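Notes to accompany the following structure.
We call the chains A, B, C, D, E and F, going by the order they appear; numbering starts again at 1 in every chain.
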Amino acid sequence: MALTHFDAHGDAHMVDVSDKAVTARVAVACGHISMKRETFDIISEGKARKGDVLSVARLAGIMGAKKTADLIPLCHPLPISKVAIELTLDPDLPGVRIEATVKTTGQTGVEMEALTAVSIAALTVYDMTKAVDKAMQIGGIRVIVKDGGKSGRYEAQ
Amino acid sequence: MALTHFDAHGDAHMVDVSDKAVTARVAVACGHISMKRETFDIISEGKARKGDVLSVARLAGIMGAKKTADLIPLCHPLPISKVAIELTLDPDLPGVRIEATVKTTGQTGVEMEALTAVSIAALTVYDMTKAVDKAMQIGGIRVIVKDGGKSGRYEAQ
Amino acid sequence: MALTHFDAHGDAHMVDVSDKAVTARVAVACGHISMKRETFDIISEGKARKGDVLSVARLAGIMGAKKTADLIPLCHPLPISKVAIELTLDPDLPGVRIEATVKTTGQTGVEMEALTAVSIAALTVYDMTKAVDKAMQIGGIRVIVKDGGKSGRYEAQ
Amino acid sequence: MALTHFDAHGDAHMVDVSDKAVTARVAVACGHISMKRETFDIISEGKARKGDVLSVARLAGIMGAKKTADLIPLCHPLPISKVAIELTLDPDLPGVRIEATVKTTGQTGVEMEALTAVSIAALTVYDMTKAVDKAMQIGGIRVIVKDGGKSGRYEAQ
Amino acid sequence: MALTHFDAHGDAHMVDVSDKAVTARVAVACGHISMKRETFDIISEGKARKGDVLSVARLAGIMGAKKTADLIPLCHPLPISKVAIELTLDPDLPGVRIEATVKTTGQTGVEMEALTAVSIAALTVYDMTKAVDKAMQIGGIRVIVKDGGKSGRYEAQ
Amino acid sequence: MALTHFDAHGDAHMVDVSDKAVTARVAVACGHISMKRETFDIISEGKARKGDVLSVARLAGIMGAKKTADLIPLCHPLPISKVAIELTLDPDLPGVRIEATVKTTGQTGVEMEALTAVSIAALTVYDMTKAVDKAMQIGGIRVIVKDGGKSGRYEAQ
């Protein structure tokens, strides 16, 4: 089986989507950043009082989604029609769970935009708390829903 | 303990580094993307013959490192003096292991650049193979070495 | 009354416009930069002979309009179909009056693009003349016409 | 008197600063956005409870400062070492007052960065509240302090 | 005859395309970079074994096509639906021949995107081999096919 | 002989320049765009009267120089300290000759910045006149002077 991002010679190209239908598409991706209990407590308190790490990370993720075609070499530029990012403090991790939902009306899907939004939001959490915890770890980044294209609905198991 | 990215009022700001020394700094970050065996085999064959996913991902990661200050809201722009990214096929994962090394001579560290390089490289692997495997997962993104600033050398355990 | 850029939890998001109609839209914004008489005279002479500040500012404004979605966190990316910027020397100000007209065929309006074009053009005038006048002031930036969306035509009074 | 951004032929160029000293530089700029009383009240309540317009505008301004050399055609790229933006609700305006402080250690000043930060923050306030008030007006954008270069300290009167 | 990128006053503007039909459009551009025989041999060997200059240049060209509206002041932003770049080693030049094909479904043509792709790919070849050959020369950059707009098909003679 | 942009495994990387001296560097590049006599006459008249193609191309080239590290994958970001671009109408070509001079004080040279400035200026001339002449050709892009680094002064023969 061949990868669509390479032509018959094995050279990378941006796949021709000009014959694909313009349809409403949605993708949801998730991920998390785990940290020390002490770091988690600092973020949690900031959420309630001042120094809201999650709000900064949410904005960074939204803006990151808009940069996807600039970051991922063979991604098509897309007119994104919605981005929403939910960041949840999870004391069991301990850390922050991130879920991004992206919509477009276009010729290709938006799972890369959703994954990029999650990644940039997680990196921003790291940036803002790295002074107190260098051992934080970002993981679990994956697509959980993708719908609207020719290949039908995908839901992660 | 307070986070340095917020001032006394809890408002986000870009930390003043103008009094920090200009020193040689280095950071190394790693991460991986895990996938189905079948997907791993397709990437492995492409590496040997044609359709080299890892080369595209490597370049994307290098270019991504240069965009870090544009992506992470409170990151300082830095004159990066080196970026190298190693992508290794790991049959036990199965998947791809990614390690990025970034250097600068500046007033702040480059761990965010290294982490961003790993993240964008991993997202690019996802993008290029998503047609055959939507369940791939990106994880283990963390700093393993950071050196050159006032806080001394950090090595992940 | 709630602001549309926040969800029920007060979290910022990029509003879902996927169900809005794709219509022809136009927005006109204006603004000005006021300066010392001496600075005004230097710009006026350059316009006639050489060193045309207004041409540089016009181009900067046009290019700025194309960056709107990159600059304003919750703005939707839009396929702009026209940008025109008029810069007029006003001896009574004294200074430069700026008016930008932007068109698109899309799901949201282009008033942010028009306001951004005016702002960047004004900042460019400041940049090019700041060596002779640091006290210049930018003001009066507002929308004067917006048309083409569901909410109908808006004209500033 | 000639403008430094044009050469002897009247052609625009990026001024040669390679012989200027690398010194610590700071600039402070301010501006405001005025609005209807009702809009002011909505923003004020969001500040206290949820839907914090000022936090989003602050981040946009900080990120905008980093894009200055990309937006203003003849601006030199600079390694910014600090950006802080203060947004104050002023019931007498009524509206929001914005003040941005930018620092660098470089060969040119950062007043354009400070002015850009104020402009982008103001535009973001407009974007987030335009659904309830299209008549808002941005003004008073000017430099209030500039220090650190050969020309000495400038303070607005 | 007047140029469409200037209005009746001779001021530059982004042409209004809002009344043009949305049609499938394609453009093909070509160019080359000529070099010393020794440099050509080094690139040729790398292609076969390791250090593949052409793969890096191809990716740079694809990503460059996506930046066209950001680089060319009066270009309209476009949702590109395909980019493919062919780089061929030509021993008779000696050097590398580059051909880029770009597609969109939009209101303006994509010849600027194709020309930009070729230019950035050629510059990248220069960058990667400049340590061994500073005298390389880029030339022959032109449009060879343009189709899909109102003005009909154009083919270079 | 090996290319410096590839490591021992043949993988592309951004070369480590952290041990190179920070020195004053300059590069000059040139190129041209040739066109039909009729097109040349239109541009020449616009220069004298209105619709100044060369001014727009000059600005585009200057701004393009600042984007070099964003466009060329393995280029180091550099604090450019000067960009000047000369565009000359050459009736013998007929067409436009372009020469760009770039300076920096840094750890690597600026020939890529000078070449990029020339390329973007030439592409902009094409964009602005393509409505009257699709057969224009860009060529002769090369480095004519490079000075300031360890390898000494280079002058094209």
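Keep this in mind: a contact is a pair of C-beta atoms (placed from the backbone, for glycine too) under 8 Å apart; a residue touches a chain by one contact, two chains touch by 3 or more.
Everything numeric in this text was worked out from a predicted model, so none of it was measured.
J.: What are the mutual neighbours of subunit A and subunit F in this structure?
T.: B, C, D, E
J.: Farthest chain from subunit A, comparing Cα centres?
T.: The most distant chain relative to subunit A turns out to be F.
J.: Need the most distant chain from subunit E, centre defined as the mean of C-alpha atoms.
T.: Using the mean of the C-alpha atoms as each chain's centre, the farthest one from subunit E is D.
J.: I need the rotation angle between the copies subunit B and subunit F from a CA superposition, between 0 and 180°, in steps of 5.
T.: Superposing the C-alpha atoms of subunit B on subunit F needs a rotation of 120 degrees.
J.: Cα centroid separation between subunit D and subunit E, in whole Å?
T.: 36
J.: From the mean C-alpha coordinate of subunit A to that of subunit D, what's the distance rounded to whole Å?
T.: So the centre of subunit A lies 30 Å away from the centre of subunit D.
J.: Between subunit C and subunit D, what is the separation of their C-alpha centroids in Å?
T.: 15
J.: Residues of subunit B that touch two or more other chains: which are they?
T.: Residues 11-12, 52, 55-56, 59, 63, 67, 70, 73-74, 79 of subunit B touch two or more partner chains.
J.: Pairwise, which chains touch?
T.: Chain-chain contacts present: A-B, A-C, A-D, A-E, B-D, B-E, B-F, C-D, C-E, C-F, D-F, E-F.
J.: Within their complex, state which residues of subunit A touch subunit C.
T.: Answer in residue numbers: 24, 55, 58-59, 62-63, 65-67, 79-86, 103-105.
J.: Please output the residues of subunit B touching subunit A within their complex, sorted ascending.
T.: 1-6, 9-12, 31, 38, 42, 46, 49-53, 56, 59-60, 63-64, 67, 70-75, 111-112, 115-116, 119-120, 122-124, 126-132, 134-143, 146, 154, 156-157
J.: Which positions of subunit A touch subunit E when the two form their complex?
T.: 7, 11-18, 69-70, 73-74, 76-79, 106-107
J.: Which subunit D residues qualify as touching subunit A in the complex?
T.: 52, 55-56, 59, 63
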